[in-house]
Amino acid sequence: MSEKILNKDKWSDFVSNVASSKQVWTMTGDDTVTFTPCAEAEEAPGKVLNATVPPKNVVFPQTETLFRFMFGQLEAELPEEAQEAVVLGLRPCDARAMNIVDDLFSWDEEDTYYQDKRQKTTLVGLACNEPGINCFCTSLEGSPASTEGLDVIMADLGEKYYLQAITDKGDKLLADVSGQLEDASDNDKKAFQELAEAAEGKIKRGIDASGIPEGLPNLWEHELWQKVSEACLGCGACTYLCPTCHCFDIQDELEGFKGRRCRMWDSCMYGEYTLHASGHNPRPTRRERTRNRINHKYNYYVEKFDKIACVGCGRCINQCPVNIDILNILSKVKEAL
Amino acid sequence: MKNNGNPYIPHAATVEEAWNETYGDRCIRTFKVVFDDEEIRESWEHRPGQCAIIGILGVGESMISISSSPTEGKFLRFSVMRMGKVTKALHQLEPGDKMMVRGPYGNSFPVEEWKGKNILTIGGGIGQAPLRPIVEYVKANKDDYGDLTTIYGSRTSDDLCFRNEFENMMEDDSVSCHLSVDVEEQDWPHFVGFVPTLLMEVNPSPENRIAITCGPPIMIKFVLENLKKLGFEDEQIYTTLENRMKCGIGKCGRCNAGNLYVCKDGPVFNYATLKQVPEAFA
Amino acid sequence: MSDKFEPNIVAFLCNWCSYAGADLAGTSRIQYPYNIKVIRVMCTGRVNPLYILNALQQGADGVLVSGCHPGDCHYMEGNMFARRRLGLMKDLMEFVGVDPRRFQMSWVSASEPNKWKEVVEKLVEETRELGPFEQFQRNMINW
Amino acid sequence: MIDLDKLRNTAAETVSRDDVKHLVGWKKGTFGYRVAPCVIENAEEAESLVFSPLCAANLATYITLPEKLPVPKGEQPDDRKTALMVKGCDSRAVVQMLVEQGIDRDQVVIIGCSCQGVVDLQKVEEKFPEPLDTVEAEWKEDKIVFKLPDGEEEVARDEVLADNCLICRYPNPVIADVSLGSEVEPAKDGEDSSVKEIEDLSLDDRWEFWEKEFSNCIRCYSCRNVCPMCYCDDCVMDRLNPAWIYRSVNYSENTVFNLSRAFHLVGRCVDCGECERVCPMGLPLGKLNRKLAREVREKYEYEPGLDPEEKPFQASYRPDDQEDFIL
């Protein structure tokens, strides 16, 4: 796989070169950073640790049209095909998250909307040199420079980027824009590896996740769930901002006689999520919902796809309005095992 | 319009017949529905116990169990209780109107495994709708199975579903059919009392018998207790779970009861598997 | 059809006064612009600001809420609550950048068909001048 | 300044009363500048309570937040009181709930703590990046002291206080069964200058500003769920039949959601700043509420949450209310 070097001063025409054929998504915004499509990006990425909203909205948008129709008629008109896209500067943990969620969207029946976008998206990840205080990717088989799920991995070597293609898609992308790239030397590669180890050492938080997936079922009625969830507000922040959360709702919308069926993100922390039309709710309080959220990621998903549906990005810890900390919950679970 | 692999596109279907089983605010209306598209009508096959998602474009869709057995013909039957936005819209459909159907979803009753066994169905209120396909399937393949016993009860006689079918099942001696209403009513010839007590009255022997039950959670709780008293093993007891479902194909993540996805691993569950999942009866 | 922009105005009229006033305007053959689409409510106190936002969202270019003069309210104080509530709604919409003339309120009693005609004409004129409402309409969202 | 032992003893006494179910207070967070709301049931747990410039959470929302489960047959509902610690603005929220009969007075035991203003985490992080180990903070006259891992840092209050605290009019609790801490004098200028800035913009610039903000909203409803004034059982925004707003997330539905929510707080919002603090997308929601609160104060001389006997703003009127906008 090809290994290239890109000088930072050539960054903007590297982006516009890629943008000429593909839709480029990069981190934009000053205080709240999100992934948005933009034709050209002036300054190089990396000054912000991670986007508030994960890049899952590139392949699984918050609101997505399933099909359009005219009210009273039966023809369903599909939306246009997705266009080729490149996500520039996402972090390795978000790419691992996409890898985890891919299994669900191709489980048994293909989700054509997700697969169409996923296959047409090339992920160019930026390794973390300065992990955040709440990052714990190393406890879940991830690392600040992991290449799992990525097509190209970039490393910030100071005034230039070291690019290494991981998949054929990545190779092809680097070939398409070889104009601004030069071949990487061995000490570039060595610098990349040193940076990777150094970053791994800077991760302070973590949890020994062994034994949690198997142990969770017999903690069903444990009182820790009440204790950790009593401050919870039941808002959707932790799930909307979680890269491995994939739950959605399907609704019909009408505008005059034009109609569409669309799906949008939903959160298991809302009360209406499991509310039956009869008024019965199998998960009536925030205790059950918090228990379900943790069990889904650390037990149910493991049973079905043999992967823990958490990549340790730390967003739910950073963004929770009342400081409900998943690592704190997991350590309580470990104690109670 | 074929959906070329897109699992979310529903198919148009015409309501051939529609009638009200019960009246009042939570009334139940049954629809006999046939697909408009020839190819889909032929290529569609479902097994008893499976569900389909029916709805009206512009209103929404909801998961309803198919209450007709594949042996009855190329149509689908749905019995819908009037509860929310979609079911209220469905209840206004008259013969000739259109609804959108997609599916079939979920697993089915393991009819192969049950060959040669006696079948006992215990239903309550709308709970009889998911059980009707297995009753019709067993009646259609009488010689593959042992005897068929159906127990069905509801609050009052006007809440009784499939009244005419139960009437002629009473005459048919190959089926031992038992009806009940909760409260004494004049000119009600059959049993009066709750379904679990009727079950103890009928006192079916657990010998080589499969019990399938479906109905309000409170009824299921006592039926399971009585079945244990009668000596039924956990593996012999089946039930269907009715959680809120949206996508039907295991993606939207909301139908899980514990680690079971009701739309993929269910809705038909063996009581032995359900026992390990405390959330199943939440 | 004239090529002038024909605004689409939704009016919530109180059943006892303004609706009767508009009805009287009709029966006494008073001509007033047809752009107004009337929704009868039992009292202006019943008009929830969410209706105004919803109307603007679904294609209205202007919204009018018209009810009884102070003191005439069939329910004694419905219009008083409406005055206070919808007055602040106007300030909020103006603060967010919606032109205040998009949403107006008026007192029209059952015996004032002429005032009803003036109010409607003034409203249609102002909304025509403002042009179509394009700030948070649903049909501008690309599906 | 409130000394912690007095606070903890009061809490311990209150929670051990047999007519009190639990006490809602603040405790040290799990990392950095965080302080988490906590529910304590017995006296020992009272030891973990703190009160510092980091205690931004408005605990009044925890009176109505717990879901009321159906009581199994034969059992009595647990109607013991909820005790909670309130700052000045939080206490006004409790009073406003009493005014609207959302709760009744004997359902709560209120421990008032006079507050010298809580910090805005973003402002603090710009000065001192958030460390991993928990940081304690204290008021010291007009400064705030942060005990960071590598030494104490002092910074002027006005540089790090939250916007609504800079213009706080009621730092001392307006209602309390037990009040702690000495009198704190309110801010001199009680007006929000940023509201004035937006008002001076032209109409189109204002819409451009708010359209960009509302397009960022991801409708996670943190602002609604944190707000003590949003305690309806089923919110009109969640209705499906009729669906007043659709669940799809775009600037049209977001605008109507945010405007309606701001409007539902007219004459009710006590400006505790929680909606702005918890919004993950950083929407300046407080500006909407403060603009409306100023209108209500100037035009109708009404301030919410001061006197439990007062009539609710939207359920009362005066004959000479302003009506120049009416044709």
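Labels A, B, C and D are assigned to the chains in the order they are written; within every chain, residues are numbered from 1.
Here is the rule we go by: a residue touches a chain if its C-beta (ideal position, glycine included) is under 8 Å from a C-beta of that chain, and two chains touch if they have at least 3 such contacts.
Predicted, not measured: the structure shown is a model, and the values here were computed from it.
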| item | value |
| --- | --- |
| Chain pair showing more contacts of the two, A-B and A-C | A-B |
| Longest centre-to-centre distance from chain C, chain (CA-based) | B |
| Mean-CA-position distance for chain B and chain A (Å) | 40 |
| Distance between the centres, which are taken as Cα means, of chain C and chain A, whole angstrom | 47 |
| Computed distance of Cα centres, chain D from chain A, in Å | 31 |
| Inter-chain centre distance, chain B versus chain C - centres from mean C-alpha coordinates, in Å | 51 |
| Contacts with two or more other chains, residues of chain C listed in rising order | 138 |
| Overlap residues in chain A, where contacts from two or more other chains coincide | 249, 251, 262 |
| For chain B, residues that touch 2 or more chains besides their own | 60, 84 |
| Interchain pairs in contact, sorted by label | A-B, A-C, A-D, B-D, C-D |
| Chain A-touching residues of chain C, taken from the complex the two chains share | 58-59, 138-139, 143 |
| In the complex with chain A, residue positions of chain D that touch it | 29-32, 34-39, 57, 61-62, 65-67, 69, 122, 130-132, 216, 218-222, 224-226, 238, 240, 243, 246-250, 274, 277-278, 280-282 |
| Chain B residues within the chain A interface of the complex | 1, 5-10, 12, 36, 57-62, 83-84, 87, 98, 100, 217, 242-244, 246-247, 249-254, 256-259, 261, 264, 276, 278-279, 282 |
| Interfacial residue positions of chain B with respect to chain D in the complex | 60, 84-85, 88 |
| Chain C-touching residues of chain A, taken from the complex the two chains share | 65, 68, 79, 255-256, 258, 260, 262 |
